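Take a look at these structures.
Two complexes, one shared chain (chain A), two partners (chain B, chain C).
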Partner chain A sequence: MLEKTGVATEQDLARVTPSKERRAKGPVAVIECFQRIPCNPCQTACKTGAIKEFKDINDTPEIDHDACTGCGLCVSSCPGLSIVVVDETYSEEEALVKIPYEFLPLPEAGSFVTGLDREGKPVCRAKVVKVLNTKSMDRTPVVSLAVPKDMSMTVRFIKLNDYFSDNTIVCRCEELTMGELRELIRKGYNTVDEIKRISRAGMGPCQGRTCRQLIMQEIAAATGTKMADLTVSTYRPPVKPVKLGTIAGGEHGE
Partner chain B sequence: MNKTASVVIIGGGISGASIAYNLAKKGVKDIIVVEKKFLTSGSTGRCGAGIRMQWGTEMNCRLSKFSTEFYETANEVLEYEGDIEFKQGGYLIVAATEKEDEQFKKNVALQNSLGIPTVYLTPKEAKKIIPHMDETKIISATFCQKDGHLNPFHTTQAFANAAERLGVKFMKYTEVTGIKVENGKVVGVQTDKGFISTPVVVNAAGGYSKQIGEMAGVDIPVYAERHQILVTEPVNQMQDPMYMGFALNVYIQQTPHGSFIMGRSGENEPRDLRITSSWDFTEKMAKDACTLLPMLKDLRVVRQWAGLYTMSPDRQPIYSKAGNVEGFYMSTGFSGHGFMLGPVTGVVMSEMILGEKPSLPIEKLGLDRFEKGELLFEPSVV
Partner chain C sequence: MRTTEIAIIGGGPAGLRAAISAASMGAKVTIIERNENLGGQLVKQTHMFFGSQKQYASTRGIDIAEILLKDLDKYKDRIEIMTNATVLSIFEDGVISIEQDDKYLKIKPQSVIVTTGASEKFLAFPNNDLPGIYGAGAVQTLMNVHGVAPGRSVVMVGAGNIGLIVSYQLMQAGIEVKAILDASPRIGGYLVHASKIRRMGIPILTSHTVKYAHGTDKLQKVTICQLDEKFQQIPGTERDIETDVLCISVGLSPLTELLWQAGCNMKYIPELGGHVPVRDKDLQTSIKGVYVAGDVAGVEEASSAMVEGRLAGLCAAKALGHATADFEELHNDCIEQLNSLRSGHVGEKIRKGLEQVAM
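Right, the complex of A and B next:
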């Protein structure tokens, strides 16, 4: 329930999400405003008439997505920070999501940040493409983020630290970082088995219990393959570390 | 997609990578290495990765001395951006029977005559080198400081990277399904990714080299036997040399990374290309390790695996061209020592293919030695 959790439900979202076809045509505003309050700056900011005139100032806004040009004027006008612009035509792999961001410091264009979903959960890396902060925006800067295309309707906020950063340790036993993993994948090691052999990731005491999945996720993301289609590395006995003395017979019935 | 190559090398292990590098270095263009899975996915990536110069035949001593000297400067010669992790902690080879002790005395004399600095040790002297060993289990030992251990993945990658810079193409995940021979000459290799026209094929397929030979109609008297290894969690450095015994049927070493790697030969290991693991091995290996090096009993085993030894009748390599098929070469039968001989394999095979004078007298390692009955039996094998 939105009123209790502050997180929009799927039903709520279904009502305000622009169609897939519309999103494929170019930038469009997504108004995730679900609470009736006396508020209409989005409507007055809209120069194309896509946001329809309010009958009652308490109404939630209604938008004609086909009339919307995705100009983004409404984004910084919304005091509730509930409007974003989504552009799925940004590039082959990525979508652009423009979000209002009222924290300091502002992110720097070109930096990588963590994309968060509506619950504040990290979901992907996001690249800051542009930070717009003009006088008319009245201290509600708009941050343009490049995110994986399938994240366009998921990423709604950011955290400035880079959760999925290159310094994150992927294999704790052998201390392989995400950055090192990415470098290996770039060099063409694109199966878990190859990465295991060249980096020792997965060869430590945990035998890949932590890193195997993470490595597969990263390979899948980097190569555009489904995780289900990747080859899993071999599971080898004894699965959990066992003392040589125990295997040999032990001393006290070990 | 059909291709043309001047040489097709079958097998992306240490042998294939080294042969490709050496041929390319000598100016050969259009070399393709075909590998069924990925580099080192076969025997190379599964081996114990030790290298020793302590052998019982002059041939193996000379081959391994050549390779050891190469590995000492391999990072620089191959301009590798990583590290092949060559640790020359030595091999301590222990004698457990009177017969073995006698043989070792002969071996040391042979090795010393070839410039290999092996010394003969009493059990007490041996214990100074590996303090945690039970010296009562041995009669004597021999030690060569220059023997050691490398990382097989990085070593192969170093050769492969250097070869790629010289223009060699590596086709990963490509399986050879046939070899086309016309009028007694190799004309091409059929793969699941297309046909490659080539006048020269090099069989460096390790455990699968018999099958590759059959595709060209060449009978190679080798068989692939499963051998198993286990590895422990890494601990602080406590053992520099490899501990090895032939009568004791064991080798135990600590890698620079800290983990202990150990293996032994099984009595009834399958010869059907199987590389599964067996409990029988784990149990016997653990018992041997705890008996010979008792301190290891508290080390935890994290993993075990298996690979293939390509066994030749006399336990020595086969560096040869086929008598009946022109353009078909083979480098196989290493009997568990293909990784350590990688550098010399590349040199002598490239010389053979280009018709050059061999750097080492390898004429006796030809395929025809089995027909002639001129075997060079190697006594020092685990």
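Right, the complex of A and C next:
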């Protein structure tokens, strides 16, 4: 329930989702603002009259999706950041979702990022198509994302790393993904040794030959350190896994 | 002794608007502000404001402060500004004592408008004095005014508008917010703010509180637990979150010491944040010549604080004989704006509170 979790329920969304037919015709605003609060900039920003005039400043916005041109003026005017524009005519397989994004650095056009749903869960890969940041937008830039068409009503935020690479396996032996590795680095595990201890990466059969380099590259990128300056992990003997018995048995011929 | 027509104590949005409107009527005004800069809470607000365009909706708080200062400048021949100046007391004869740059001075105004705002409430739990535990206002000042990060990660207590907005600003500053807790079973702040935080993956845990803070010389982790519908801790629901900052945002209470000293009739009104002065429709308290506006009269919003400031400024100036032809019109406009801001569901609490302090 929205009031408990801050996440709109399916019923809430059903009330504000433009019809399938309307979405098939081109860009349209989706206004996810469900509570009566004293606020109206979306209405004053809309030049087409698609958002009906408020009788009372506490009214929730009422939009005529057919009159909406999808111009996006309302998106950066909303202090609640609760408006997106979706365009399902973008391409055969993809829809465009335009979201307000007030974080630095801004994503670069052409880059791939991770699409997040209303709970911040990664759901798909998104391509940044355009980043608009004009003076009239007053520091609320709008980022246009190309996402798989069936994700147009799901993706509402992004994380600036590539969804695909997040799911890439870094350590095949212990199945550590790039996403998990990044999370560990974010939590403050900044050396190969620390990461090894917590994730077991590098303790499998290959003894870190595949992953050590990848982990170091990622730490360097995330912490802004040069590869040469990173603490190198301790190379403990043996260089390949051996049965304890082999060692315990003493030197051959002793 | 120095004199002035109207002394305005506190240079936040309410005080600045009061000064502008009183000066526009022709009154001679002195603003006394304890901080180095004018603007009050506004100078920390980097987010866009709600409200309608008349109260600068969709404009950021910091920019609203700039707009007010420009308006102030239009009347600079009639407005005296004292900064780094803390009002220590209002005596019953109306004399105000001030400490400015280590010097003690007194002013005798003909009337005063008290616009001192509100202060943060705190929470009681073991070890709540560990370094790393701050009020949300302090965290905002550190970040947005001084550009200093309070730590690496934060647990926020309080899901009202301030808790939600400060959490968002912490994320913007690159600090990880691990969770937002609130004792109430419902999110108190605007749901649009809550939703934008959830999209970033931050959990909002309603019916939760802090039970214990751990650390030797600074905060290392907190134990949180769940509450039942009677706000009692549920045993066995404890869990630990590692964090170096705990930020507390559980409400504000009006900063009313000066009003008590002046002998104003005060009432305890929980809906308005605590003890507040009884006032008439011109915002004059039970003491003639002592007016109030903004959070000190009841914790609300910058939008209403500005309109109240304007109203108090107009009325105080008129009472001193500065009448203009459009006074009635301006006066009614203020009343209408206030009614409209408080008309909705969110304003219900405020309306209920105000009914009890009307004189």
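Keep in mind that, in the parts below, the second predicted complex is superposed on the first by the 167 of 254 C-alpha atoms of A that agree within 3 Å, B and C clash if a C-alpha of one lies under 4 Å from a C-alpha of the other, contacts with A are read in each partner's own complex, and residues count from 1 in each chain.
In this section, a residue touches a chain if its C-beta (ideal position, glycine included) is under 8 Å from a C-beta of that chain, and two chains touch if they have at least 3 such contacts.
Note that this is a predicted model, so its numbers are computed, not measured.
More residues of chain A lie in contact with C than with the other chain of the pair chain B and chain C.
Contacts of A:D66 after superposition: neither chain B nor chain C is touched. Look at A:V7: by the touch rule set out above, it reaches chain C but stays clear of chain B.
In the superposition on chain A, A:E93 makes contact with neither chain B nor chain C.
When both complexes are overlaid on chain A, the residue A:N40 reaches chain C alone and has no touch with chain B.
Contact with chain B, but none with chain C, is seen for A:R200 once the two complexes are overlaid on the shared chain.
Of the two partner chains, neither chain B nor chain C is touched by A:E183. By the touch criterion stated above, chain C contacts chain A in their complex at residues 47-53, 57-60, 152, 171-172, 176, 185-187, 190-202, 204, 206, 303, 340-341, 343-347. Here chain A touches chain C in the complex through residues 2-8, 32-41, 44-45, 56-58, 77-82, 102-104, 116-121, 138-140, 156-157, 186, 188, going by the rule given at the top. Those residues of chain A that touch chain B in the shared complex are 191, 193-194, 197-198, 200, 203-205, 207, 234, 236-238, 241-245, 247-249. Residue ranges on chain B touching chain A, taken from their complex, read 37-41, 45, 153-154, 157, 231-234, 257, 277, 279, 282-283, 286-287, 289-291, 296-305.
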